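Each of the next two complexes has subunit A plus one more chain, namely subunit B in the first and subunit C in the second.
Our next item is the complex of A and B:
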């Protein structure tokens, strides 16, 4: 028996070697549903110092905090609390003691660890991701980054490493740690366009119109922001802000009130609402505002267009053609309008990145004596099944999707004045992003 | 007639009633505090707990691109053993249907052996790196063979699942997330299973999606194929993996 297992081992080793040399062979995975798909239990060990530079400590604090927050926010991991981490934190792959991490109390499946060190003005970060339940072939990821030795660079590097981990363990969907959110804030005294990192850090003013600006929408290539603002002449006009030039660039003026721009996913066209012909109707123009074409014709206002980011050939919008505002969809040329909501007061639709869902703000019971709660709902386009995402938390409006389709940013009065919040797309894990002034109408960058 | 100035010098006997009032209020406050402290739990469930009304649709939430919480488990994830383990559950040698059969036709044979009363199949010798059923790598059951349905180990080494358990898990999770159970006819009885096979290219894209073994329920078969067609990518295959593609056989169990 012993001989048999020895010879079996030898044969298997030979086969292993043979296989690695012949990539044409196909491996099979056999699996199925109902096997207990749970969140990956991930431990993010504090990175260690690799040099003796005194700046390391501050950079490490920033890096470790950002990495932990990013992975926590991703929504796909069950993070191991740092109080459960073993005392011996590895700085390189040979130092990982698998049993300490895979056994209780951490019970981790995955371990992120590494080093950070400053030499001269350069910060070098080495990061690894190990499958600690699989010591024979543990390494999933190994990365090295170099940047300036600043706190901002440390944060950015942590974002990059987190995104790399999320990409590997999240099924090929890029993480959102490097994305941005544009929004309207009144904290400067006027309603202006502001921008911040996805986690609420680094908030900064973008526009300086000195009037009222609304509905900012960032272009798919992150180079421009379309928004609408009151001009000196008194009307609402579309504005185009170039992030590369850091100023507004010229954009055609139309008659009437022109609001709520929305980018097509290829960035070549903009849909917006204009009352140049009387009623507010949806128009589609190219990204320079030329050759605009009216696509809705029904009596009653049509506003708030939102492109299907997956196909670029449908638009969701809000229409008052049936009385109270309701969410509709149509082809981008205006054909085949479909009413999605059946009652109440539904506004602010946003199409999910996979094209499958709409999220919107809905007062299901609207009118005298109705409770009038304004909550966010998500609807499957095909079946029109919907789920309520927010409950009993003030007025919730202006939802927008993150590019990974796992998060939604929105404005809510649950903490008093309007502030921006994010949550996972199933309504859990709500987090407040802004606290200063009134902050409204968020929009998430495409990458 | 002016009021007599005498009344300003008359004093009502307030002292005792005030003391009594203070004592009474203090007593009431004390009773409230004690009640709040000790009888809080007797008021039944808190608001916001328990199931919602008909406004919620559980199927839709689980179809969001987030990990769904499923309590069903075939003890793959609850076991603490690592991949490449050689331990075997006691039941494996007892029950013929628990033997891992590295054969693509596993389901047909299992059904036969269950229905017949012939003596159980002899356990086959396990290769040293074969992962026993339910004791697999960190993610999923896995068995491998080179080529289509070969019993021997002359082809692929079958170590994908043990080397890259995390990737198997990604596949499992992603397919489960994209399977919209409401596409299945609700009248279908539970326990139906459809096997679908597909390839994952080096870049992570699924292709060659086909029903290997139908469940006999068209809507279940179609929902399974649709789940896979919704997926753009599983993410690139692990960099250390030498092959150009991985083939997957995925089963969908219909449970309401």
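Our next item is the complex of A and C:
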């Protein structure tokens, strides 16, 4: 295993961002601009008012800002700066002046535009996506949305339209603008489970355990959150929060320390670490905590399982069996353990949605007296080659993948106390999502 | 990569120097001709510093160069003075003296002794069983990323086991703690190994495992908050807690 060069990084990035995307992408991008690693040049025109309602202005601001941010965040577009937009903004397809958008200065390939208008209590959004380099058959997308006339609804509608565009131009991979991130926040005075929209908006408290809660993991169907809390009588026990019932539901208790749950991709099973035998080992149980079966047997900490979301048949985990913690993989029944990292202090593996990569937190040179650089790395499972994603910016830990495999959310001390950040899976475009209290252990919803 | 590691070493050395400097208060120097505002000084004593429950003690303090003097739980006070207090429980009084030259803290601990229970043979003198326990057991300290009880800690195990063998009615828990470095989840598992290692050592020394409950706090409840090797060592421990 060795560190590889910049060109290898570029290749891996290309694989990451475009793998499995190409066939559908060539279908959609008839102008050919989306082939290879080149990003689609996209202009998102400000939507226009379609009624005379005075509430339109505030909703349009919210909608336009959210749409622009979502498309920028997607990582697959080269966005045309709004200062390059022509002065005449279309409000319907016949009004599009193709050459003004496809020629300089915008040089756009694609144009998103539309209208928003409130009538009575209903907001109606009409959105289009045109291939402006192909005037004879320009329309790629035409969508109408209706919802309540609130800024929250305007944001959600922008997320939906952004996801449609990303789906069409991003090779048929669903966008993430409607996804959620669960995490741990100390801002209430206790470490509790919190949830937010993928862009950091709409942060709200989920659990009210009043003790210490850690390691929230959302189920593949978005209906439940598994986490762990310290309880007065029973130490660390797994907890199951139902988002449908808005409360914790009963879950079996085990002896010892029970932490770090991970869902199998079909939602039927949970892997977790339990010291019910007197030593922390990985167990696999059904999603109700029954039929639990021990799958590791080595002395020392075995913790932080992460299921391969593609196959459902392997688990990555952290083990101290050989000294300092290292990342291992194994079959879900515990056979064929493979050590993936060969030095330092390696923790918090998360398996990419396509099953090809692990992202994890690593202090490559760790030991008493060693500097505390803790960075995120991505490793190709088959070759064990790795790339460093973060560089000397505080302690970076608990990376988790977005469902499209293009983004990673993680905790970092680069701005002071632990906060949550997202970045593209190649390490670029880092954005801070939280600022209040200490925020840790993010986990991205599966859809 | 080389540049980066050199940069880190420089940082590390720099911060070590800074941290080192923090431990030694600068010696008082005579004021120069145009002096900066002198730093405040403060002292706080409690006499007696140990009282039976319900009785009072006298706090006495002295400050200099301070314009704002506060004692937690008492409030704003004169720069120099004394006051009788009757704490309900053992209390650490903290005085903060603020002046234009900075601020200075002083603390004084008053231990409140509970009245001796009416009919307990376990207590000797005025100490409760819990106080006796806390004085007699010895927390076990661990090396970095290790969970085995080292030979150096064996005498603490022996002392603790002797006390526990002489007081077979006491039930207790062992909390496994870790320093702030590394992952939350890994440290919970490591702390569990530490708590169980202490339990195992006591069982080997003849103490029944039924009396012991173990729990890991990982790095969630540190004893010491600084990012120093001293502090980290304080936090890597198996901590005994009286349960009865």
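Worth a mention:
Operating definition for what follows: the second predicted complex is superposed on the first by the 407 of 447 C-alpha atoms of A that agree within 3 Å, B and C clash if a C-alpha of one lies under 4 Å from a C-alpha of the other, contacts with A are read in each partner's own complex, and residues count from 1 in each chain.
Following the convention adopted for this analysis, a residue touches a chain if its C-beta (ideal position, glycine included) is under 8 Å from a C-beta of that chain, and two chains touch if they have at least 3 such contacts.
In this text, all values refer to a predicted model and were calculated from it rather than measured experimentally.
Once chain A of one complex is fitted onto chain A of the other, the partner contacts of A:325 are limited to subunit C, with no touch recorded for subunit B.
Once the two complexes are overlaid on the shared chain, A:110 sits against subunit B while remaining clear of subunit C.
Judged by the touch definition given at the top, the superposed model places A:168 against subunit B, while subunit C stays out of reach. Looking at the shared chain after the overlay, A:90 reaches neither subunit B nor subunit C. In the superposition on chain A, contact of A:378 is made with subunit B only, not with subunit C. Put subunit B and subunit C next to each other and count what each touches on subunit A; the higher total goes to B. Judged by the touch definition given at the top, the superposed model places A:406 against subunit B, while subunit C stays out of reach.
Using the contact criterion defined above for the overlaid structures, shared-chain residue A:76 touches subunit B, although it does not reach subunit C.
Common to the subunit B and subunit C interfaces on subunit A are residues 391-392. Within the complex, the subunit B residues that touch subunit A are 48, 52, 55-57, 59-61, 63-74, 76-78, 80, 82-84, 104, 106, 125, 127-129, 137-147, 153-166, 168-176, 179-180, 182-183, 193, 199, 204, 230-236, 238, 240, 242-253, 255. Contact residues on subunit C toward subunit A in their complex (touch as defined above): 4-5, 7-9, 11-12, 144-145, 147, 181-186, 188-193, 196, 214-217, 220, 229.
Chain contact summary for the complex, subunit A toward subunit B: residues 4-5, 8-9, 11-12, 15-16, 18-21, 23-40, 75-76, 102-103, 109-110, 131, 133-137, 139-140, 167-173, 354, 356-357, 378, 380, 383, 385-388, 391-392, 404-406, 424-426. Residue ranges of subunit A in contact with subunit C, taken from their complex: 191, 212, 214-215, 230, 235-236, 256-257, 259-260, 273, 275, 278-280, 300-304, 318, 320, 323-325, 345, 347-348, 361, 363, 365, 367-368, 371-373, 391-392, 397-398, 440-441.
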